[in-house]
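Paired with subunit B in one complex and with subunit C in the other, subunit A is shared by the two complexes that follow.
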Partner chain A sequence: MLINTRSKEFAIESILLAVSALAVVILILISIFLFREGAALFKDIPFLDFLTGKNWHPTSVPPVFGLLPLLLGTLLVTAGAIVIAVPLGIASAVFISEIAPPNVAEILKPIVEILAGVPSVVYGFFGLVVLIPRLQQLLDLPTGQTALAGSIMLGIMALPTIISISEDAISSVPDFLKEGSLALGATRWQTIYRVTVPAALSGISAAVMLGMGRAIGETMTVMMVTGNAAVIPGFPGGIFAPVKTMTATIALEMGEVPQGSEHYHALFAIGAVLFVITLLINLIAEAVKRKYRFKVGS
Partner chain B sequence: MFSPKVSEKIAFAFLTVAILIVVGFVLTILSYIVTNGIGAISIDFLIQGPKNRMTEGGIFPAIVGTVFLIIGSMAVALPFGILAAIYLNEYAEEGRIVWIIQMAISNLAGTPSVVFGLFGLAMFVKYMGFGASILAASLTLALVVLPVIIRASEEAMATVPSGLREASLALGVTRWQTVRKIVLPIALPGMVTGAILSVGRVAGETAPILLTGAAYFLPRLPDSVSDQFMALPYHLFVLATSGTNIATTRPIQYGTALVLLMIVLGVNFVAVMIRRHYKNKMRW
Partner chain C sequence: MVTDIFVEDIETEITTNDLNLWYGEKQALKNISIDIPKNSITAFIGPSGCGKSTFLRCFNRMNDLIKTCRIEGEVLVEGENVYESGVDVVELRKRIGMVFQKPNPFPMSIYENIAYGPRIHGEKNKGKLTTLVEETLRAAALWDEVSDRLNSPALDLSGGQQQRLCIARTLAVKPEIILLDEPCSALDPISTSKIEDLLMDLKKDYTIIIVTHNMQQAARVSDHTAYFLMGKLIEFGETRQIFEMPRQKSTEDYITGRFG
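After this line comes the complex of A and B, so read on.
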């Protein structure tokens, strides 16, 4: 009976472990399938030509598959989103955790959570019908479908990630640090920017990284508002011109390509690059969180 | 420079402006969709199919498709996600294997949904031969929400006081029985909250289903899991970007956006209410 119970417990634990390990298996399978389907492109085109190619003309004869315009499009839109979301996000997080009275904070938090719940296609739709015409009119542009429109929408979408993770980090700073600072005669603001925020910096950095990851990987919104022109964006003028991101290219073009064609494999190659980029961002965010985790009083 | 008191006032003013801008975003987006969409919604809009090349009629098939996707992906992701969370929270001890699993889960959570779409296309549609179908899309969406469910369930179980587990184990009860009779019942509301939140995620995801089986338009409802399907988010995308007459179907687009938004936010609201209810009920 005892042995029976033990072996049953052991069997259960093994099954549970196997199910958990599925996460690792899935990640490995994603890598295998993405790299296998993507690598087929490099039979015909050298990898370096793909990575540094300045033109993306997948349907011309012969087709040209250069990643650079798409990669730079993604980076430009993401950089713009970060410029918008980081100051707003961190300031809001500080407000919620340090300044707002508790009952106000309890109202603000779910409002911010709403931003996280809105589906990306609804953001895209809003950008398309509300933001783009106004942007065009306001800045007197030939089209409102620009990198800027993408940055604004992605900035809004990255806000809940940045706010909620920063807010966690800020509120986990031990009270005695703040009280020490206040007791020395520092104002609340001096305490916030000299003591609290620096102490929470690792969590805030992780928040920014994860917000960036969300922006880089976002598909539907950018596809609906950035105009999708695969040209290398100029700087700084390119922010007011249409761009095409890596994610939008995959989603837009996959429907039209014959399976197994060069173009099909090129889209998988883009996906593989995207996967590697977001993987690196996640790993860095994890490392930052772990390495500089605030250790006081434990 | 300003005195500390004055600079504090200025800084707090800036912070207040920041949060007002954020709240302003929320209100602007919601009010646009609600005020423009509410007029398009009627019973007919909800229970009829699109008519006249999608320039008239309703969104019933898209609602049905989205419901199928929710059921299909949850049927897969919930059991796997909960079992994985049980292992990670109740059995695992700190070590290399657990660290690798945890890293894999956070990386899955950070993987863009379009990458999941590509994987679903290569693995489920092509390699396993499911074709562009409800089945392939549901499995793909299950992978997208798996990390969400694992994390939420883990968090819920972590709130169960360890004293209860220890008391149970001290009585000679096995670990699995302790999990089943002590931990799970207490953690259940939290786990339900996580599950509901992931329903909202499934309903709104577009990129993964775009690559694995969502259809532009279908004249009839799907009758098996290997059929293609219409879905709310993809329907909105199609109407707004490549419909027959984008300008005149604006009301239908707003209506679709509002229905989608109501499903997702409604579901989130229910989850928050459940969490509140049990938070107040259970204090240790």
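After this line comes the complex of A and C, so read on.
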């Protein structure tokens, strides 16, 4: 009996180990594939020329593969999304964890989570039909399909991540810190913005980083609302002009390239750069997050 | 009752009359009437759950934070009922400082921890703040240990230093009364004795009320002692009388360690 139980335990543990190892193996294989296919481009074009090239003309003769317009397009849309999502997200998180009565918070939290569950194509459709005509009218633009439209949509899509992680960080600030502040005669609001939020700041910054990671990697929505013109966006006027992001480029062009062509490898190279960027953001977010769980009293 | 034991020729700082407190349905304080003398140390003792901390938190209205809490009766601080409508809680808590069981410095520098209170009450003058920081750190017997690192994080200090920092932080708001809720329960004996010395030193300027589990501590530092049991004030009098000639059987049982 004893041996039987033991071997059963061993079998279960082995299966669990194999399953979790599989996830890691898949990740490694994808990375290898991505980098190998991307690296093939650099046999013909120097890496630096690709990274700093100002033009993306993949179908001209000869083709020009310059990442800069796409990279800047992505960064512009993402930066806009962060500017929109961070104040809204932090304000909502503070409201949910510190101000709202418990029953209201209990209703709000699942609603925020549902926001994360809406498919991105639905966000894109909403942007296309509702947001874009209004932007065009309101700002008197030649087209509403702009970086701004992408930023607004991505901002909304990053909100659930930012709200739920910030909310978690803010409510993990121990009560005895807040009591310390209140006992000195601070008002509830002074306590929130001078003690509670600063104490949760590293968790909030992790939330912002993760929200940013989500925005950079988002494809369908930006493809539907940003107009997809591969030009280097001007500053600051470029926010009102169409841009093409890295993700949208891959999604739009991959279907039409012959496998193994230069263009094909260039799209993989874009993917590899994107992968490195999101990986870095996630690593930073994790590092920041690990720091935020409080030292006080433990 | 207990108040007749009280020595009449001492000035009173806090008086409660028939104070009752409920958490939801459960009554935590029952008909407590007491006169707490000015510029002296009063200790609240009693077994866990006897209501001594709850009672302490009535004076600066920290119980307001608990939604299910309901209070009847009077708490008079220098003759004014703090539960009357129109009382400014911010002003009240400025007058009545509080130090908690667990040292709770803010995650900021030592300097910022002390400047926090004066700042929220409107002090912007840097010179004044710096003077205040030094004054209060000296008063809390911490200056010599931290004067060279005022800008380092308060959380890097030892537990005992953190607790003295919390006392300094309380002094910086210039209160008249200091409430301490088991301030030494998380500290080692050396830190504890430093804080006890500090309290003896502070009592000439402040009225101090300390909740403690440690009966030796009550005997060492306090001038008066109140013994609580199950939400009732059982006995209140001069500390020496309480420890040497308790009038109630239950007080004697508790201080001789027969229960609690």
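Assume the second predicted complex is superposed on the first by the 289 of 298 C-alpha atoms of A that agree within 3 Å, B and C clash if a C-alpha of one lies under 4 Å from a C-alpha of the other, contacts with A are read in each partner's own complex, and residues count from 1 in each chain.
The definition used in the following text is that a contact is a pair of C-beta atoms (placed from the backbone, for glycine too) under 8 Å apart; a residue touches a chain by one contact, two chains touch by 3 or more.
Nothing here was measured: the structure is a model prediction, and the numbers come from that model.
Legend: residue contacts after superposition of the two complexes on their common chain; A:119 is shown touching subunit B, with no touch to subunit C. Contacts of A:187 after superposition: both subunit B and subunit C are touched. For subunit A, the partner that touches more of its residues is B, with subunit B and subunit C as the two candidates. Once the two complexes are overlaid on the shared chain, A:110 sits against subunit B while remaining clear of subunit C.
With both structures placed on the common chain, the touch criterion links A:199 to subunit C but leaves subunit B unconnected. Judged by the touch definition given at the top, the superposed model places A:210 against subunit B, while subunit C stays out of reach. Judged by the touch definition given at the top, the superposed model places A:176 against subunit C, while subunit B stays out of reach. In the superposed model, A:128 lies in contact with subunit B only, and not with subunit C. Applying the stated touch rule to the two superposed structures, the overlap between the subunit B and subunit C interfaces on subunit A comprises residues 186-187, 190.
The touching residues of subunit A, counted against subunit C in their complex, run 174, 176-177, 179-187, 190, 194-195, 198-199, 294-297. For subunit C in complex with subunit A, the touching residues are 60, 62, 65, 90-94, 97-98, 100, 102, 104-108, 116-117, 120-121, 155, 166, 169-170, 173. Here subunit A touches subunit B in the complex through residues 5, 8-9, 12-13, 15-17, 19-24, 26-27, 29-30, 33-34, 36-37, 87-89, 91-92, 94-96, 99-100, 108, 110-115, 117-126, 128-130, 156, 159, 163, 186-190, 192-193, 210, 213, 216-220, 224, 247, 250-251, 254-255, 259, 267-268, 271, 274-275, 278-279, 281-283, 285-286, going by the rule given at the top. By the touch criterion stated above, subunit B contacts subunit A in their complex at residues 4-5, 7-8, 11-12, 14-16, 18-19, 21-23, 25-26, 28-30, 32-33, 80, 83-84, 86-88, 91-92, 97, 100-101, 103-119, 121-123, 126-127, 143, 146-147, 150, 174-176, 200, 203-207, 210-211, 233-234, 236-237, 240-241, 250, 253, 257, 260-261, 264-265, 268, 272.
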